[in-house]
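One chain, chain A, links the two complexes that follow: it is found with chain B in the first and with chain C in the second.
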Partner chain A sequence: MKKLLAAALGILTAIGGFVDIGDLVTNAVVGSRFGMSLAWVVVLGVVGIVLFASMSGRVAAVSGRATFEIVRERLGPRAAGANLLASFAINLLTLTAEVGGIALALHLASSVEPRLWIPVAALAVWLVLWRVKFQVLENVAGLMGLLLVGFAIALFQLGPDWGELLRQAVPPSPPGTEHPASYWYYAVALFGAAMTPYEVFFFSSGAVEERWTAKDLGTNRVNVLLGFPLGGLLSLSIAACAAVVLLPAGIEVSSLSQIVLPVAQAGGVLLLAVVILGIVAATFGAALETALSSGYTLAQYLGWSWGKFRRPARAARFHLTMIVALLLAVGILMTSVDPVAVTEMSVVFSAVALPLTYVPILVVANDPEYMGEHVNGRVVNALGTVYLVIVVVAAVAAIPLMIATGAGS
Partner chain B sequence: MSDPRGEVRLVDARLHLLSRQVLDVDGEPAGVVDDLALAGPDGGEVEAGRDVHVDAILVGPVLATRLFGGRVPDSRLPRIAWDDVGHVGTAIELTVPSDRLDAAWVERWVRDRLIARIPGGRHDPEAGA
Partner chain C sequence: MTLLASTGCVASRQEPGQATAAVADALAEAGSAGETARIAVGLLDEGRVTGPVADTVLLDQLRVLDDAESALTTLVPPDAATAARRTTGLDAVGDVSDAVVAARSWVAVRSGGDLAPGAAEDTGVPASADDLLADLATALDAADAALAEAGGP
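Moving on, here comes the complex of A and B:
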């Protein structure tokens, strides 16, 4: 049991990073429009995030330096500042979307107007950040988020034609009804969602919060190898549910209630309740993760004292940053902007910012001054280099594709 | 430079000092090396062609002028004296607590005026709920 709980950091990072409100929506949209033909992107993204999260965790465990300290140290104040600006903006957009997502899920469960839930949700997020121990936070949010496994149960109960799902997935080809540019736009969006930089900011800072040392490298490996593939499987089952129920019916996903439609159809009220609870937990976990990441990135760039393991008064500017970020998120949501649209945007923009985060991690993971004997092996470096090429291609293609396809419409 | 063990090692200011994390004697973060103040051999002005040494680490507002140009008057530059530096590694370790540094006044201001005044601001999260 203790071993299992030790994997909680990876599970929360993965649940919060993979199946946050943005991925719920993106996966369901993709499933309902392209079937399983984009499943390969999820697999590609899982391998990439496993690779770089484990690298950032290893750097944090061995050297005690979290990812954004390394970004600043290797890129210098200018390039790191540009990365900070981009990452902070994406973080804020994602945080906004998550707080909105909690409100939408609670609205689904209670039919109380979402805008009444927004301040309640934000206050609850802040109270947890202010008061609750890091280990409790990651265990509760991560394990409750596992309730999303309800999507996988629903898929089995729907009794789909597995052969047909497989035919859509391999070899991957866009359905004839869709334009290839839209197909590639969603490929970049899914990839960006899987490899969102805040996942490594959170994961590496979490390793410092938990005071990992070189002895914990095994825990690091278990975390990434268990957490992220699990998140990937949940993503795939959400897409598959949509592909089985929504695609043949010609329903295009534009709200949370449509995403859970296949679950309600397959498992009735009970399974629906389980999944909604899972969505609340996953979006809540992602809200914690993004709020913390906004504090982590700014504090690490400027060298402030940070971390949940300190008393708030011993990390004053870190806590102030999170409070300001939450207030901004509530402010944005009160303009009645659609949280779902906000995340769709932030996912594509995060694809643009990927290289600025992943290059310094790869460089420092090879620096013996930081890593001693734990520098990257040859296989990891070869894979890392291949992924850097993919990441750069995705970053360059993201904005042109967004403009060419009118954001996928 | 020589470290406490008496070993002499070559340090590249740009590679090993600039943008490194500064930790105080208790391992608490105390800023990042945003710039360095250099001084001549006897603490005077820096002259071309003569020896210089690092006089202080500059943190905080100096970053803005380094990025966007301009100059902050010397009296306004929060500095950490080089004499307070104990060890240069993947972080710069000081021999004094950060509370005693003038450069930490912003953190102290935010703490005393805002964060410590919110109920629970001094609560230790590791001590349980």
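Moving on, here comes the complex of A and C:
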């Protein structure tokens, strides 16, 4: 019974933890402009993150070491260094977007200027990182993020024409009013949002924090196979809400406040309050995960002592890295840069950095020295190879598409 | 540097098609902002959103309208037809902005904002949501007409 409860908790946490500010904004923008015609990208991204998160979880459970530690040992300091630079930069950008997302959600609830909320949000993130145990932090943020299920409830209450939504999704093609280049730009952005690198770093390091062993491989598989796809359904609900209410009105999403309008229309103040709380929780949880990922990647590369299971004094440089990353995020946001624009940039640059994150995981997961009998099977390797091709195509296309479309405008 | 300073151009030349597309883009943004404001006002009137949420929505749309107006004011029209479209566009964006500004004041009054006594009447805040929605609809019709003239959807 206790095991079953733990598994349920893991699944719920994975669902709630899947959606972050990048998913929220990108799905709503896409829904308001392209309807459901990019739903296939969410499906593609979910399968990809399931594949690689389960692979990195397996590496951590079998070897007892986080992916980044092994990447350096296996690929050498130079290749791992390039990986570190790209991952750390993208992670910082994502952390900035998440802290900005918390401030925007609090602005929405209070109408108090977001710049006043930014330092408050960052301080709260730091306090939780400093004081709260890993399991509590992970589970509370994930479970609160589940409140975003309000988007799915709103979608049913809106009573959409399901046939029309399906027609938009299948066969996938850009609407006549949009340029194909913009369609593909947002396809890459959605893919980057679903497969953000920090999710894998956090997942594999979290497995070490929770002291997983080979016995926990079943838990790993269930969490990933159920949690992430159900989280993907939340992403699709956000896009569908925008497609039902905002697209017909000719509204193009450019702010977080527009994303919640379909929810208010469907469920009134109560559902709106639930969803705003869900947005705060989802962005707060993602800010915790990205801040931790900053510490994990740098500490694991440089061989520092790391982990929430150690007291801060025993992992001082790990904690200092997170503090510096948070301060940098606050500094960037206090320049009055639009957090939504930062989010859009972060998901596109995530797509650029995807090969650097996912190629090493595939290499390590195939190394019998680390994995023993738990190396990838043929099917997983075939899927992994297909995904590497997709990831490389997305990474190569991201910047040219961004330039050609003026960042999708 | 001296050569650049003495021979530099005042503004880069745009083809009429590009300039018209820029006018259409700005009007589409203004239309989106106006429609968002219309939904927010309607929802507040029905009690489906809180005052702070409606206020934040409208404030965000004023920023969008500011960008749209800036895009039009900084455009250098290459011919008389584009200049006329820009003027019509600027008027339309201005009308939508006025309606959204009025909507924000109405939200403040509706939500018990601390306006000075009589401020609502003095500043021409519409008496009811219906009046406000009618003003927004009129401004949006003008923006749609200007957008159609600029070749928009």
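Rule of thumb we're sticking to: the second predicted complex is superposed on the first by the 391 of 409 C-alpha atoms of A that agree within 3 Å, B and C clash if a C-alpha of one lies under 4 Å from a C-alpha of the other, contacts with A are read in each partner's own complex, and residues count from 1 in each chain.
As a convention for this text, a contact is a pair of C-beta atoms (placed from the backbone, for glycine too) under 8 Å apart; a residue touches a chain by one contact, two chains touch by 3 or more.
None of the values given here were measured: they were computed from a predicted structure.
Asks: Determine, for the superposed arrangement built on chain A, whether chain B and chain C clash or fit.
Replies: fit
Asks: With the two complexes superposed on chain A, say which partner A:107 touches: chain B (first), chain C (second), both, or neither.
Replies: A:107 contacts chain C only, not chain B.
Asks: Is A:249 touching anything from chain B or chain C once the two structures are fitted on A? First, second, both or neither.
Replies: second
Asks: Who does A:177 touch here: chain B (first), chain C (second), both, or neither?
Replies: It touches chain C, and chain B stays clear.
Asks: Give one of first, second, both or neither to describe whether A:319 is in contact with chain B, with chain C, with both, or with none.
Replies: A:319: touches chain B, not chain C.
Asks: Counting residues of chain A touched by each partner, does chain B or chain C come out ahead?
Replies: B
Asks: Touching A:134 in the superposition: chain B (first), chain C (second), both, neither?
Replies: In the superposed model, A:134 contacts chain B only, not chain C.
Asks: Counting only touches as set out at the top, which of chain B and chain C does A:308 meet: first, second, both, neither?
Replies: first
Asks: If you stack the two complexes on chain A, which partner ends up touching A:269: first (chain B), second (chain C), both, or neither?
Replies: After superposition on chain A, A:269 lies in contact with chain C alone.
Asks: Under the stated touch criterion, which partner chain does A:260 make contact with: chain B (first), chain C (second), both, or neither?
Replies: second
Asks: Between chain B and chain C, what is the tightest CA to CA spacing in Å in the combined model?
Replies: Closest C-alpha pair between chain B and chain C: 35 Å.
Asks: Using the touch definition from the top, list the residues of chain C that touch chain A in their complex.
Replies: Checking each residue of chain C against chain A gives 25, 28-29, 31-32, 35-36, 38-40, 43, 47-53, 55-57, 59-61, 63-64, 153.
Asks: Under the stated contact criterion, what part of chain A meets chain B in this complex?
Replies: These residues of chain A touch chain B: 63-65, 69, 72-73, 76-78, 80-81, 130-134, 136, 299, 301-306, 308-314, 316-317, 319-320, 369-370.
Asks: Which of the residues in chain B come into contact with chain A in the complex?
Replies: 18-22, 28-32, 34, 59, 63, 66-67, 89-91, 98, 106-107, 110-111, 114-116, 118, 120-126, 128-129
Asks: For a test of understanding, state which residues of chain A touch chain C in their complex under the given definition.
Replies: Residue list for chain A touching chain C: 107-111, 177, 245, 249-252, 254-255, 257-258, 260-261, 264-265, 268-269, 272, 276, 409.
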